[in-house]
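Two complexes follow with subunit A in common, the first pairing it with subunit B and the second with subunit C.
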Partner chain A sequence: MSSKEQQDESIRQILAEHGRLAAPASSIARDAELSAHGLTSHATVNVMLALEEHFGIEFPDQMLTRGVFTSIATIQAAVEKLVDAG
Partner chain B sequence: MPNRHPMIDRMKQIAADVASKHAPDVDRHARFPVETLAALRAEKALSAAVPEEFGGAGMGLRDLAAMCAALGQGCGASSMVLAMHHIQVGCIARHGAHSAYFQDYMRGLVEHQWLLASMTSEVGTYGDTRSSICAVDIAGDRFTLNKDATTGSYCGHADGILVTCRRTAESPASDQVLVLVKKDDYTLTQTSTWDPLGMRGTVSPGFKLESSGHVDQIIPGSYADSSAVTMVPYSHVLWAGLWSGIAADAVSRASAVVRAEARKRIGETPPSAILLARVSQDLQSMRHNWQQVAAEFDEISADAGRREELTTMNWALRFNQLKCACSEAGPRIVHQALQIAGLMGYKNDSPFSVGRHYRDLLSASLMVSNERIAAKSASLLLVVKDD
Partner chain C sequence: MSGASAPPTSLYDGLVEHGLIIPVGVQGAFGRGAVFELVLARFNALVDEISRDDGARYCVFPPVISRKIIEKLNYMDSFPHLCGAVCSYFGDERGSKGFSQRIAAGEPWGDLLQMTDVVLNPAACYPVYPSFTGVVPDSGHLVTMFNWVFRHEPSPQPTRMQSFRVREFVRVGTPAQVVEWRDMWLQRGLTLLQSLGLDAVSDVASDPFFGRAGKIMAASQAQQQLKFEVLVPVNDGDSPTAVCSFNYHQQYFGSAFDIVLPSGEPASTACLGFGLERIVIALFKTHGFDPARWPGAVRTKLGL
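Moving on, here comes the complex of A and B:
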């Protein structure tokens, strides 16, 4: 499994555990809007905390936007950027 | 400070000549402030938030809040109606400006001075405006939308209502859209009485709404976005503005009592003047809080490239903190004003009475409960770093 695939899987696991989604996180398309699957701003905070813990990163304030948490793809792009910077 | 919009001075005039004269009766009978609304329509104040390109005054958030503060000095309930109307118009102007339907609607609003109300509460969502049970039901190019709202501020007196609902019958509770329904296309059945402590002129009982319309009346995009970028910022800033107006009128009544005392003993500063100095300081902090947030909001809004900033958690936190701080400052300031005015402020039939002000401002921490907001802020602070 490539590191990209691992990241994708970890993000899905975190979403399944903390995102309180209406559908199983494993079945959601990478570009699908997470809000349409029931991701609330409150759940987003928990997802973010879990991502920070899991990847050993910290989201700077300017990245704490809904845009970053739109889809699995946008989350992964942000995580990658922060992992690379760290 | 930039030049004040002339509309703000006209609000001062309406507050003094119309709103304050009818406020005691509006309050006593918990009736809608029809006289003030007529005056606002005559000044075309209801289209203050409509962009100039569609014929409105195109006022920014700071000026709109100053309007509410000015009117709030005359009648808190009237100003709450104006603020809530501006919030709805703001949502249409900022999220519907690319839709031909809403462009036409805004032109119509300028001409006819339609009053817009909102229905965001619902039986069963327990005050969480970011979730809905009802859904918009689309068939072809028409929709039907029915909602059982716990609170429908001045819905019985409006020309249109913006209603939150789920995007489809299959959507999760948080996947919401904002739908404009028009007076000719809805029926309202009142489901509860209206006899509250304050803000009585907003006439906000529960209603069952049954409506239909054209799909073009659904505001483009999601309510998650219009809520974060417009509904919440407008609500919290405009409310803070009008609360500061109510508080300012209470302080001005207290200071009239102090001045009368000072004139009787010239050369001595009355002891109550010290209390006035204290309360005046609190009022200034309250005003500067919303003025600063609104000025920054206007600056960001003017720059299309920066709009995304408003969706950061940092800004969500600032709007939350503004709302909680100002809603708590309001009643505290009136309480201080009451200590200064003494019995003259306590008597309902005295010109220095601050009873209505106090009762009106007690609603501030309850409308969108401060406890709920504080819980959200607490959660945001787990990830916001203020760096």
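Moving on, here comes the complex of A and C:
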């Protein structure tokens, strides 16, 4: 499994555990809007904290926006950027 | 106001010198004089007047609410820094001797206390939601309240208080019902404040959620345009001060308190509040410390 695929899987696992989504995280399309699957801002906060712990990263203030947490693809882009920067 | 902190603003000094507010030795907790209270009561009466035909049910709650309400609403995740939990002593006489010893030694004594079942009410709309549990009628609910609110935000600025009163309205119903109602009030609030000679404008806003996680909450709230404020310039050199806020909560309270529409869906809610002390202070700032010298139109409107 490539590191990208591993990231995708880890993000889905974190969403399943902390996102309180209406659908199984494993079956959500990468570009689908997570809010449409029931991701609330309260749950987003828990997802962010779990991502930080799992990937050993810290989201800087300017990345604490709804845009970063729109879809699995946008989350992964942010995680990649922070992992590379670290 | 404690002497050790930042120097008080000239607005604060002016309010004190004219007997409008009374320092009590703690920031953000001043007393209010008779003229201050008169203006506050007259403004509140104006709100009565413009909402008379709305059919809102009036109620007043005490400054404390059940601790269970803020626990149910995850308040301690979002605003732990603003919270005021009421604690008291549950021990025996022997244990109580610890207080005077600690106090005499200048040591903290909070750890000798334990939490009671009440907290200081942190938002004017909170006390009423448990009373809505159940099925909402087709026309929804509409209440208005006059409640004390506590926020732990000590500041030398007279407009940032730890304890203040809000004239509040809460609407419960379908999303369309509550959003239409909130938008109607946003315009009403602007018109009312402008009619008193205040330079009032409205803007999208967000709540002061705690920490980094709170930044996501705030960004989300702003992006969805869930909160609006009416702002008035009050403190020199500072951005305008929010004197009213208009909030659409979506289904947050409906889900938390099992408030449901006839369809079985959680009800939506919205609230709006006039920060009464802030409006009164804005009037003194704008028109001067002596209401006898205020513009005739403003005096007439307030019945002064």
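Assume the second predicted complex is superposed on the first by the 86 of 86 C-alpha atoms of A that agree within 3 Å, B and C clash if a C-alpha of one lies under 4 Å from a C-alpha of the other, contacts with A are read in each partner's own complex, and residues count from 1 in each chain.
Going forward, contacts are C-beta pairs under 8 Å (C-beta built on N, C-alpha and C of every residue); 3 or more make two chains touch, one makes a residue touch a chain.
Fair warning: this is a prediction, and the values are worked out from it, not measured in the lab.
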First (subunit B), second (subunit C), both or neither touched by A:Thr65: both
Subunit B versus subunit C as contact partner of A:Met48, first or second or both or neither: both
Partner chain(s) touched by A:Pro24 [first = subunit B, second = subunit C, both, neither]: neither
Which superposed partner A:Gly56 touches (first subunit B, second subunit C, both, neither): neither
Touched partner set for A:Gly38, first subunit B, second subunit C, both or neither: first
In the superposition, subunit B vs subunit C on subunit A residues touched: B
Touching both subunit C and subunit B, counted on subunit A across the two superposed complexes: 41-42, 45, 48-49, 59, 61, 64-66
In the complex, subunit A residues that touch subunit B: 22, 35-42, 45, 48-49, 52, 58-62, 64-67
List of subunit B residues in touch with subunit A within their complex: 130-131, 167, 171-175, 222, 224-225, 228, 308-309, 311-314, 316, 376, 379-380, 382-387
Contact set on subunit C toward subunit A in their complex: 74, 77, 212-213, 215-217, 219-221, 223
Contact set on subunit A toward subunit C in their complex: 41-42, 44-45, 48-49, 59, 61, 64-66, 69
